[in-house]
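In what follows, chain A forms one complex with chain B and a second complex with chain C.
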Partner chain A sequence: MQDWLTSMFNGNVIAFTGAALAVILAGMGSARGVGMVGEAAAGVITEDPSKFGQTILLQVLPGTQGIYGLLVAFVILNRIGVVGGEYLQITAVQGFLFLAAALPIGIVGYKSAIAQGRAAAAGIGIIAKRPEELAKGITFAVMVETYAVLALLASIIMIYGIRL
Partner chain B sequence: MAIVKMLKISLVGFEEDRDDIMKALMKTGALHFSDMELSDRGSGNGNGNKNGNGNENGNGNENGNGNENGNGSGNGSGNRSITAEYDSKLTRIKNVVTYLSVYSKAGKKFLASKRQMDFDEFVTIMDHERSLWKTVERVEAVTAELAALRNEENTANGILAALKPWESHALPLELNKTGKTFVKTGMITAGTVAEGFLNEMETAVPESSAEIIGSDKDKVYISVIYHRDSEREAAEVLRAHGFEPFKGFGLKGTAKNNILLIEEKLKRAKLRRDELAAEGSDEGLQKEKLKLEAFFDALQMERDRQAAAEKMIKTGRTFVARGWVPAPLAGKIEKLLAKKWECALEFTNPEEGENYPILLKNNSLVEPFEPVTELYSLPAPGKIDPNPYLAPFFFIFFGIMLSDAGYGIILALVAGVVLLKFKLKGMAGKFARLLLLGGISTFIWGVLFGGWFGNVTEVLSSGRFKIPPLWFNPLDDPMRMLIWSFVFGLLHLFTGMALKAKMLISEKKYLDALFDIGFWYILLVGLCLIAVGGGFATAGKYMAVAGAVLLVLTQGRGKKNIFAKFFGGLLSLYNITGYFSDVLSYSRLLALGLSTGVIAAVINMMGTFFGFSIPGIIFFSVVFVIGTVFNLIINTLGAYVHTSRLQYVEFFGKFYESGGKPYDPFRIKTKYVDFINDREEV
Partner chain C sequence: MLLDNTRFAYATGRIRVIERLLIDRSGYNRMIDAATVKEAAEVLSEAGYAVAGGTDIFAGKDPRRLGDSFGAHEIESLLEAERRKTGELLMEVSPDEYIANYFLIKNDYHNIKVILKAEFSGAGTYDPAWLSVPGVYEAGKLAGIITGRLYGDMPEIMRKAVSQALDIFGRTGDPQLSDIVLDSARFAQMKEYAAASGDTFLSGLAVVMIDMSNIKSALRCIKLGKAADFAERVLIRGGSMDISFFNALRDAEPQIIAEQLEGTRYGGIISGGIRSYLDEGKLVSLEKAADSCIIQYADKAKYVAIGPEPVIRYFVVKEYEIMNAGIILAGKTGGIPGNVIRERIRDAYA
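Entry: the complex of A and B
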């Protein structure tokens, strides 16, 4: 039992949890967002298959949060030496710091990917009716991404701010 | 550089020359017709502001079959039905060409360039109109038959699927009674209940013979024969099992026979389809297809001439047309028309605030960036063309966001090959050149940041060999990169503000330029100096305070009383948050740059999973190629989209006034062919 508890509060375990959460949450959000746009896009394609290129442009937009999640996980693993460098044993406090640093991109990434998916799915309607205005539809969706970028920024600053 | 000056042209000519004049004008491709509205006709002073709906009109027509062309001009509806007629003809030809191109030997090429055709040859195509329509009808008959066949096959397949379970049933399908018995065939619900069915039938109706013919996931197919006297008992058992009679589609004979018949029918239909397909790939017809393409374009030109004619006013003997020509071309048009025809031409400068069509002209380095603006919205008449200012920032930002030398080389090479191989015109060509420039910028930044396919050299040499960055690696020092992102952002924003000042000055609003831009500069530069710290901080403090005070004093100047002025000024300081969030937005330069590098590194790491044995190297190559293509596509798209966003939201937000309608001259628009040695260049 005690063995189990100590391992739970092992710094590396906690840091890994953080990295995992960044990938899981942001990835889940992106998957949902991309899926939503795909559903909307499929409807347009049944009418006009030549619009595939334009719709795909909108569909990938909510995918970036998942990439940011991976990025944060990678940076965390990089810092504790799982990928490249020397494998470090960190303290529980440091582990929790990594966990906290992973939360911005995890949570904001999850929510913003879905919100961005909604905006992009609405943009699919623009492609259907006024394909020449695609850039505006993209801009609407990209506005949402700002917050994922800010969350990513916060996560990265925090990760690099942790002293090992 | 910038927006091309337009002259308003008004042309009066004789009706009998109209067709020839239109043809000549179409060839020059320089005149943008404006709609003439009812109000224009009476006054004749050409109040051009009212042709705002000309814009939508032009867009709709571009697709050739602009069904939604909401032509607002109140011209004779007779003309409009003529264009509608053309549209339906064009659609028919297009469908035929599309059908034939499926069977064309050349196949469908990606980004196929248009076929080159001699203009003189092209002109003769209309002489074959009758035989071409025959071809169209012939192909249409084929497609109609194909559709009918497909329909037939679908029905047959449906019946076939329903008959399949009955294949081993020996009784004819139509048999439902004999002299003394009833025959029931149908489905009962599958499951545990079905197993007891035979026994139950046996006990309830001894004078019966039940047979299970087949079963699938949810149905059991049965046939029961029972004596007419035991109808009630039999019906009871059947009902308990959810019996559903088999309809039999009105077929006669056993299921097996019918299946054979239908299969035979399907085979025949397939043969017939192959025959029809062979006809489609028939060489003669494929040759006709080329003619049809030219025919389509010729008809399309005629249609456009009709549509343009709709925008004119006609009297019995004369016609009046109005439009716009780029000022440099006015002389040539005049010469062309005056030489051949009796007509009155007049060129006038646009009036103040008149909404003339926008044509952008920039040098070859800036031109590739024009689609960025065009996709947003063209500048309003008399305002600034943002492209020359946008271009360097787009170039730099795109490169920072991708920032990988290897990716840059690939991108530039792909764009270069596409440009050389396909003669892309218009938007597509500009985009390809944009990607070429973007690739070059990506290469430069990749060298500066030390990204070569992520860290591929390091991974392959197990850390022994590393290409060092010329400047620094953002992954090692993200804070430094973040600060540089903000610096680039500030430069971008300050440029936007300077352009706003330029606009104000050109409108002779000198004080507005000083108050709204100059004072903000003082405040913002002061704040930046404070952020820099050290000796600059004190100077920065004074500047910031001075700027803030000046802003408070001047920003409320639109208000009437003194208190409103003061509070208006004070409130304007709140805009600092706007500038702050604008600058923060440039952190995406760091974020996207990092994500390219990190994903590339992840790919490389995944690739070396099996080490450097021979299978390991093969595995690495596969992972590397697939991963790189994926990463390149996703991140190029990301870089383009986010760079555009920085232009649209942060940069344009500072100064840009959009809303111009595109210059869409009356010209030869073709879908399939390009002309060689045709145009008298203007």
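Entry: the complex of A and C
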């Protein structure tokens, strides 16, 4: 039992948990967002297959949060030497700092991907009725991206701010 | 139970494309101003009538390919084909059976009336063309259940209504009274489906539809001087206005009745129709005003990006579009002037 508790509070385990959360949460959000837009796009394509090219542009937008989550995980793993460099044994406090640093992109990534999916699905409605206004539909969805980018930035700054 | 509106992403996307074909004010004007019935029906062809999945499901009857003869039979066939296509689309796109059932159950109750009337008349048979499809239940199965009195597969509300309709006819010999029971059950079942769907927008629509039915029934009873028990029977429970509200109006002066109804949440929209009916006996105005209330409620979904609301709105508007098409084509066939037809048609899709 004690061994188990000790390993739970091992710095590297906590940092790995942070990296995993960044990928899992942001990835889940992106999967939901992309799936939602895909469903809406499939509805449009059933009636008008010529709109495939336009709808796919909107469908990819909520996928970026998943990429940001992977990027943050990669940076964490890079800093503790799992990816390139020398594998470091870090303290529990350092591990918790990595976990905290992963939270912005994990949580904001999850929520913003779903919100962006909704905005992009609404954009699919614009394409269905006024295909010439595609750019406006994309703009509405892209606005949500701002907050995912800010969260990514916060996570990266925090990760590089941790002294090892 | 709350509805996950993202489940309607596919349906919403599909409806957004299809609703471009809905006929707007200018489309109705073109139909009304057309020189011939055939020319008016061509507007319907442009709106996708008689065509499904790129193929002509109305072989040989597409108005664009018809000769000058476009009579009542062709009109009814064209509209029935569109009703059927709309019902099938609803079943196909709705991820929630309750929402599809909400709209389709009307056809089942119509079919029950046809089956019962055949029984009441002693003929025992009916023309299958009188049935409305698709319904929640397959019409043949429904006939088997009713004639065999095997109500096991029927929902509770429908089962009770059929038994009651048979009982009332047995006692009174009046099929109109049986119809009243079935109409009331239809609304009760629609309300039940709306509640089961967990969608508050659909539940709200059910309430508005019940209110409109009650306002029309109550005013008609007052105007025709029907007995209190008859009026009580035609009013449907489950609306936003209690039955006692209508009972209190029974002996009131027309001016008071109008003022009371104008004080309800529908006042602004229905006011003109009520006064027109009470003062001039124009039932068409009352029905049009009541339908405007339903359309305006559905129009609240106009800017909803994703969810059941745009789907529900489409099917409400489509129902009125088919109704308008029938009014215009029948009006033109009967030589009714354009301005009279214009007065009769319901609000256009916008």
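Everything that follows uses one rule, which is that the second predicted complex is superposed on the first by the 164 of 164 C-alpha atoms of A that agree within 3 Å, B and C clash if a C-alpha of one lies under 4 Å from a C-alpha of the other, contacts with A are read in each partner's own complex, and residues count from 1 in each chain.
In this text, a residue touches a chain if its C-beta (ideal position, glycine included) is under 8 Å from a C-beta of that chain, and two chains touch if they have at least 3 such contacts.
Source: prediction; values computed, not measured.
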Key: Clash or fit, chain B versus chain C on superposed chain A   = fit
Inquiry  = A:Val149 in the overlay: touching chain B, chain C, both, or neither? Say first, second, both or neither.
reply    = first
Message = On the A-aligned overlay, A:Leu61 touches which partner chain: chain B = first, chain C = second, or both, or neither?
response = first
Inquiry  = By the touch definition at the top of the document, which applies to A:Leu70: first (chain B), second (chain C), both, or neither?
reply    = first
Message = Please compute the chain B to chain A to chain C angle from C-alpha centroids in the superposed arrangement, rounded to the nearest 10 degrees.
response = 50
Ask   = Between chain B (first) and chain C (second), which, if any, makes contact with A:Leu134: first, second, both or neither?
value = first
Task = Check the residue A:Ala42 against both partner chains and state whether it touches chain B (first), chain C (second), both, or neither.
result = second
Ask   = So, does A:Ile124 touch the first partner chain B, the second partner chain C, both, or neither?
value = second
Remark   = Across the superposed arrangement, the tightest C-alpha approach of chain B to chain C, in Å, is 7
Query = Which residues of chain C touch chain A in their complex?
reply = 6, 9-20, 93, 305-306, 310
Message = Considering only the defined contacts, which chain A positions touch chain C in the complex?
response = 32, 36-37, 39-44, 46-48, 117-119, 121-122, 124-125, 128-129
Message = Quick check on the complex: what are the chain A residues that touch chain B?
response = 57, 60-61, 63-64, 67-68, 70-71, 74-75, 83, 132, 134-136, 138-139, 142-143, 145-146, 149-150, 152-153, 156-157, 160
Inquiry  = So in the complex, the part of chain B that touches chain A is made up of which residues?
reply    = 59, 375-376, 478-479, 482, 584-585, 587-588, 590-591, 594-595, 598-599, 601-602, 605, 634, 637-638, 641-642, 644-645, 648-649
